[in-house]
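Right after this note come the structures.
Note that chain A is present in both complexes that follow, paired respectively with chain B and with chain C.
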Partner chain A sequence: MSSTATVSGQETTGPPRRRPAAAVRRVPRVVWLFLLIPLAIELAWVFWPAINSFSLSFTRWSGVGAAENVGLDNYRNLLDDPIFRTAAKNTVIWTIGFGGLSVLIGLALAVTLNRPRRGVGIYRSAIYLPMVFSLVVTGLFWRVLYQPDGAVNSTLEAIGLDGVSRQWLADPDTALYAVLVAAVWRQVGYIMVLYLAGLKGVDPSLEEAAAVDGASAWQRFRYVVFPQLRGVNTVVFAVTVIDSLRTFDIVWAMTRGGPYDSSQLLSTYMFQQGFTLVNLGYGSAIAVVIFLLAIGFIITYLVRATRED
Partner chain B sequence: MSTSRISRRGFLAGSAALGVTGVLSGCVGGGSSDDDGDTADTSSTEAPSDASGPVVLQSSLSDPDPKAALESVLNGYTEGDVTLNTVAIENYRAQLPTYLSSSEPPDVLTWYAGSVARDYASKGLLLDLSELWEGDGACAGFSEALRSLSSADDGTQIFVPTNYYWWGIFYRKSAFEEWGVEPAESWDDFLALCENLQQQGVTPLTMGTGATPWVSSGWFDYLNLRVNGPEFHRALLAGEHSFDSSEVRAVLDEYAKIVPFIDPNGRSYSWQDAVTPLVQKEAAMYLIGAFITQTVPEEDVDDIDFFRVPIIDSSLPVGEEAPTDGFFAAANSTRPEGAKALLSHLAQPDSQQQFIEESGSSNLPTSSEVDTSGFSPLVQKGIQHLEETDEITQFFNRDSSDELQTTADTALTRFLDNPDDVDAILADWQSAAERVFEG
Partner chain C sequence: MAAPTAVGDTASVPPSPARTQAPRKRGWVFHAVMVPFTLLWVAPMAFVLLIAFRTFDDIASRGLGALPASFSLDGFTTALQDGSIGRALANSALVTVVGVVTTLFLASLAAFALSRYHIPFRRTILLGMLAGNLLPPQILLIPVAKITESLGIYDSLFALIVVQVGFGLGFYTFVLYGFMRAIPTEVFEAARVDGAGPTRIYARIVMPLSRPALAALAALATTWIFNDLIWAVTVLRTEDKFPITAALLNLQGGFVSNWNVVASGAVLAAVPTAIVFFAFQKHFVSGLLVGANK
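Moving on to the complex of A and B:
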């Protein structure tokens, strides 16, 4: 891909060097066709609507008639909108909580289940199993557990923690975290598998040598194993940030952003504004904010990644 | 640098692709324009054959029973072919503006009467159906209340109501007998009844405001009708009064009196879930629409009865919620005659009766010619209940907008959790409502 890109750059600027020009001739036309068709589709169905949503965010439009141009009003309203502020705060909590917890637990599980032991395969599959459910199914399943007389509360009561039991999803103090637990429960298996794969590439003789030198288990992990997981960490970081920013379905399935908007994320608020209430302009403005956040993350990440390499 | 080259190239390809699309649709438009010129400015396809083609009915009735009932009503339609598209309600709601404003819309669509339909009519998206309401038209015999409900701001009729339902406080007759209690007539009696039931260890009121927070607007609407009257209620929902006012505060004062009697678990339930405690006789009463009978097990349906929300201020006209469902047609329809013929069929007494019986709902027919003697005693009572009513309202969202409904959901579920926090809740509600009315 990158080589063809360079080649095409060379082709039009008409450089004197021979080889790339020869390479152009060697690329069959049909390959260009195969490249251009998906690109055209991508442009028409992804980039064009995305650009449209930018221009929509400067209008007020209910999907009927002509869109009314309102300049920066939507963005000004966003700043005054208490629900938007809650949603933005929740998105930060979500990204940190979801990313942090799933990576920590996933890594811990991977390290624990890395050594061959009897029945370890069963544990690994059991932990990975939630990943095969869609987020909506996970959401519905956990909603049953969180019911007032559901499994979570009856377990708490059985072990004498009656005071802790509550209506997890109906209580504005706990709703977001209750959903977070369900999302982490599903994500952990995925992160574990990624780390298990990474741990297979760790040279066991290094760890043995460290053990012989008297390093404790923690020291061996921290200074011998973990540095070798750098490649996997990069992948896990990217996967986690992307997954947490695009979280929508599980929150929508479990709380719809309620009770009274206390578990609203930017994504759910955008959906509510754009598609339930058909405020396409306002919804687009929220979408633009999400886009800028995501782009911000990705660019910082890419800059760091390329610098390290 | 190099990547920007490829994307410019791709961009050109992309715009070429778009151009091709334009050319293609241009061909289609050209094909239709040379027939007799009358469809030249629309981009509709194959005008002549299409106008006689099947009428498209877009339906939001996706529950199995109502869907099957509508299908069987359509099977009885002999004047032409009908294509039925059923779309799940959530998607339907979001897509409806798109359906109506597209250049080739579905001809007939299911939806609600009242301000929702009026809004679309004021944007010029609905077909004028006045001829169905005149002379021997299918809707000519409907009541004056239905006529005004189905009229746009300019006085033309744009809606064909085919059925409606009532709201009331539903309970189980056998359970009330067991507990030795009677339905309440006055508001004080009602509060005493709740008190009595609570002392017997029964939850007086069940209400599912978790997944369906709009249910909390039922009590708000009714208490507003009872405390401030229908006129104030309509004006409030139209944005003419403030939610942060002494009138609305008085409504919430009454609401606060029943909050201790409402099942706290209802905050985690949907409206359907909240029916279960009622059926199991753990909870006594439920203020909800007549659609409750769909979720009650068949053997218990005969045990369900209801009573009117008690009167608080007897000097006010009695208002009741009676949300009306039906059909309208798209103004851009390429088959307006076919659409009107189909609407006439749907409005026929026979069709209404068939639909109501087969859909298993407790809805009421809008035509007075429907033979209601075969309907259940509950439905008979519902008909009488609404006949005794002075004024009809729809429901919070249908009298205002879905957007104002979300502000009510937020305010009222918050109120149910913190009934003492009325000042802050009403102030926030009003500022949220202002954003809706300005937007």
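Moving on to the complex of A and C:
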């Protein structure tokens, strides 16, 4: 009893603490339950299905009867599948375009809105707002805007750019990019939140010293502020790539991968194969490809999460 | 990924002395850029809102891009009744409330066990659980649909809740673990000396102290589950059971070119999350910072 009273006053781990710590070492049975119930649920609903996707990817199966083992056939077929190639190419375009644009705009806005002054709260809220909408809602909003007589075209015509206006979502050349713009609109607020938090960790005295030395605003950002954002950049990078590879909802809501598969991503093509056409083996093979693309970035994120802990 | 304890104060930044003396002119330029930009940013929302209140005839005769010449609630009544948006909102509310409460409860139990007891390999377990949440859902979809079928729960809201809980657990456990570890050990030792068992310590000490983290995660989880589409279309088939996201897609298919109905549906689906956002903006933003993975 008396020993705990002295322990509670201390901040560092010292010898007097060993006794209570030793008591914790015996994990009570109920605590095991606390851990094992959630763990079992996650094993059953995440890890077990994930393993099954791998084994399904080596089969041909329409969901009834037994799955037929076909070895690597699904993967071989993927290589010859023009839609898969389009989807893979689009996924790369999507990752670069979605990531690049939302990071550029989000970072620029975070730097602009970093310091408190009048109106900053309103501007921030307005830019956050789209990210609370679901991707389906965002998709429908922009579908309305992109209609032939919608706001996008009427705005273009109003400023004299009649030639540019078109059926944005029905044109195979523009459909993917039209969806991309909508997705970026929603994502920017989130990236801005991450960078605003990162900028708080930036030492203001360094920037002031650089300003006194005559560095321009751009130089201060490029050589003083930006290098200090390295941690946030890693998170943003990993998050953006993981998000891009998952992207499904907004494309499904706006184009379903069309017209003529021109806006197909790996995720939408996987869904189409697995659920619309019920090629479960082939769909699983696409899912495995998505997983293999994502795993490197997942590990990056985990390593970072461990280091900061 | 910021430590959950460090992100509560997102709003306040101490003004740096050099900056407060910046010339007035720069403030003028700042607003001259930001006002048009912000207006452009909210324009899509404003435009859709206007369409939702127009009549079908007005849109059909004068075009979607025209300024409104009519005002009616027809779009909303049609969406709610014929488009069954009302029922879909109720489904979403049920799945969201049950899903958020269950996930956070289970995650807090796991986080408590991992953070306060010497569980062997606890770091591995924790990171393994987090990794599960980072997986692309595509790798789970087909087997999850098959598992729900074999359990006889396919096409039920229960299946959707179970899937949401399973997939979210790892992330919430990870965040709560970080938070609970930051609670001083002395608090636990004092309780233990007083004879409190693990259940009592969890309910009386850890949960009340974790309220800030739980609030942030609840705000975040609410929008995630409410906004989900991919799990809904994976485990549900009957329209009666669709949550709002899937129902909106149906509405779009069923009311082609009735843009006032589609816009009204989208607005109805956006309102609940917008309310959560405005009511809990601070929690929401701090939740996003700990939740740097979506």
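The rule is simple: the second predicted complex is superposed on the first by the 269 of 309 C-alpha atoms of A that agree within 3 Å, B and C clash if a C-alpha of one lies under 4 Å from a C-alpha of the other, contacts with A are read in each partner's own complex, and residues count from 1 in each chain.
Rule of thumb we're sticking to: a residue touches a chain if its C-beta (ideal position, glycine included) is under 8 Å from a C-beta of that chain, and two chains touch if they have at least 3 such contacts.
Computed from a predicted model, the values in this text were never measured in an experiment.
Enquirer: With both complexes overlaid on chain A, does A:L39 touch chain B (first), chain C (second), both or neither?
Expert: It touches chain B and chain C both.
Enquirer: Check whether A:A210 is in contact with chain B, with chain C, with both or with neither, and answer first, second, both or neither.
Expert: Once the two structures are laid over each other on A, A:A210 reaches no partner at all.
Enquirer: Looking only at contacts as defined up top, I'd like to know whether chain B or chain C touches more of chain A.
Expert: Comparing touch counts on chain A for chain B and chain C gives C.
Enquirer: Looking at the overlay, does A:L169 come into contact with chain B only (first), chain C only (second), both, or neither?
Expert: So A:L169 only meets chain B here.
Enquirer: Does chain B (first) or chain C (second) touch A:M192, or do both, or does neither?
Expert: neither
Enquirer: Just checking: does A:D261 make contact with chain B only, chain C only, both, or neither of them? Give me first, second, both or neither.
Expert: first
Enquirer: Touch check for A:I127: first (chain B), second (chain C), both, or neither?
Expert: The answer is second: A:I127 touches chain C but not chain B.
Enquirer: Kindly classify A:A183 by the partners it touches after superposition: chain B alone (first), chain C alone (second), both, or neither?
Expert: Once the two structures are laid over each other on A, A:A183 reaches no partner at all.
Enquirer: Just checking: does A:L140 make contact with chain B only, chain C only, both, or neither of them? Give me first, second, both or neither.
Expert: Second partner only, chain C.
Enquirer: Which partner chains sit in contact with A:L229 here, chain B, chain C, both or neither? Use first/second/both/neither.
Expert: Neither partner.
Enquirer: Could you tell me which stretches of chain A are touched by chain B in one complex and by chain C in the other?
Expert: 4, 8, 39, 41-42, 44, 47-48, 63, 147, 149, 275
Enquirer: Across the complex, what residues on chain A touch chain C?
Expert: Those residues of chain A that touch chain C are 1, 4, 7-8, 17, 20, 23-25, 27-28, 30-32, 34-35, 37-39, 41-42, 44-50, 52-53, 56, 63, 112-119, 121-123, 125-130, 132-137, 140-145, 147, 149-151, 153-155, 185, 190, 193-194, 196-197, 200, 204, 208, 211, 235, 239, 242-243, 245-246, 248-249, 252-253, 266-267, 270-271, 274-275, 280, 283-284, 286-288, 290-291, 294, 298, 301-302, 304-306, 308-309.
Enquirer: So in the complex, the part of chain C that touches chain A is made up of which residues?
Expert: Contact set of chain C toward chain A: 1-3, 7, 10-13, 15-16, 18-19, 27, 30-31, 33-34, 38, 41-45, 47-48, 51, 63-66, 106-107, 109-110, 112-114, 116-119, 123, 125, 127, 129-147, 162-163, 165-167, 169-170, 173-174, 178, 185-186, 189-190, 192-193, 197-199, 202, 223, 226-230, 233-234, 244-245, 248-249, 252, 259, 262-263, 265-266, 269-270, 273-274, 276-277, 281, 284-285, 288-289, 292-294.
Enquirer: Give every residue of chain B touching chain A within the complex, in rising order.
Expert: Per the touch definition, chain B meets chain A at residues 1-3, 5-6, 9-11, 13-14, 16-18, 90, 93-94, 97-98, 100-101, 120, 123, 125, 210-211, 213, 264-265, 267-268, 402-403, 406, 409-411, 413-414, 417, 428, 435, 439.
Enquirer: Show which residues of chain A lie in contact with chain B when the two form their complex.
Expert: Residue positions touching the partner: 2, 4-6, 8-9, 12, 36, 39-44, 47-48, 60, 62-65, 77, 81-82, 146-149, 167, 169-170, 172, 256, 258-261, 272, 275-279, 282.
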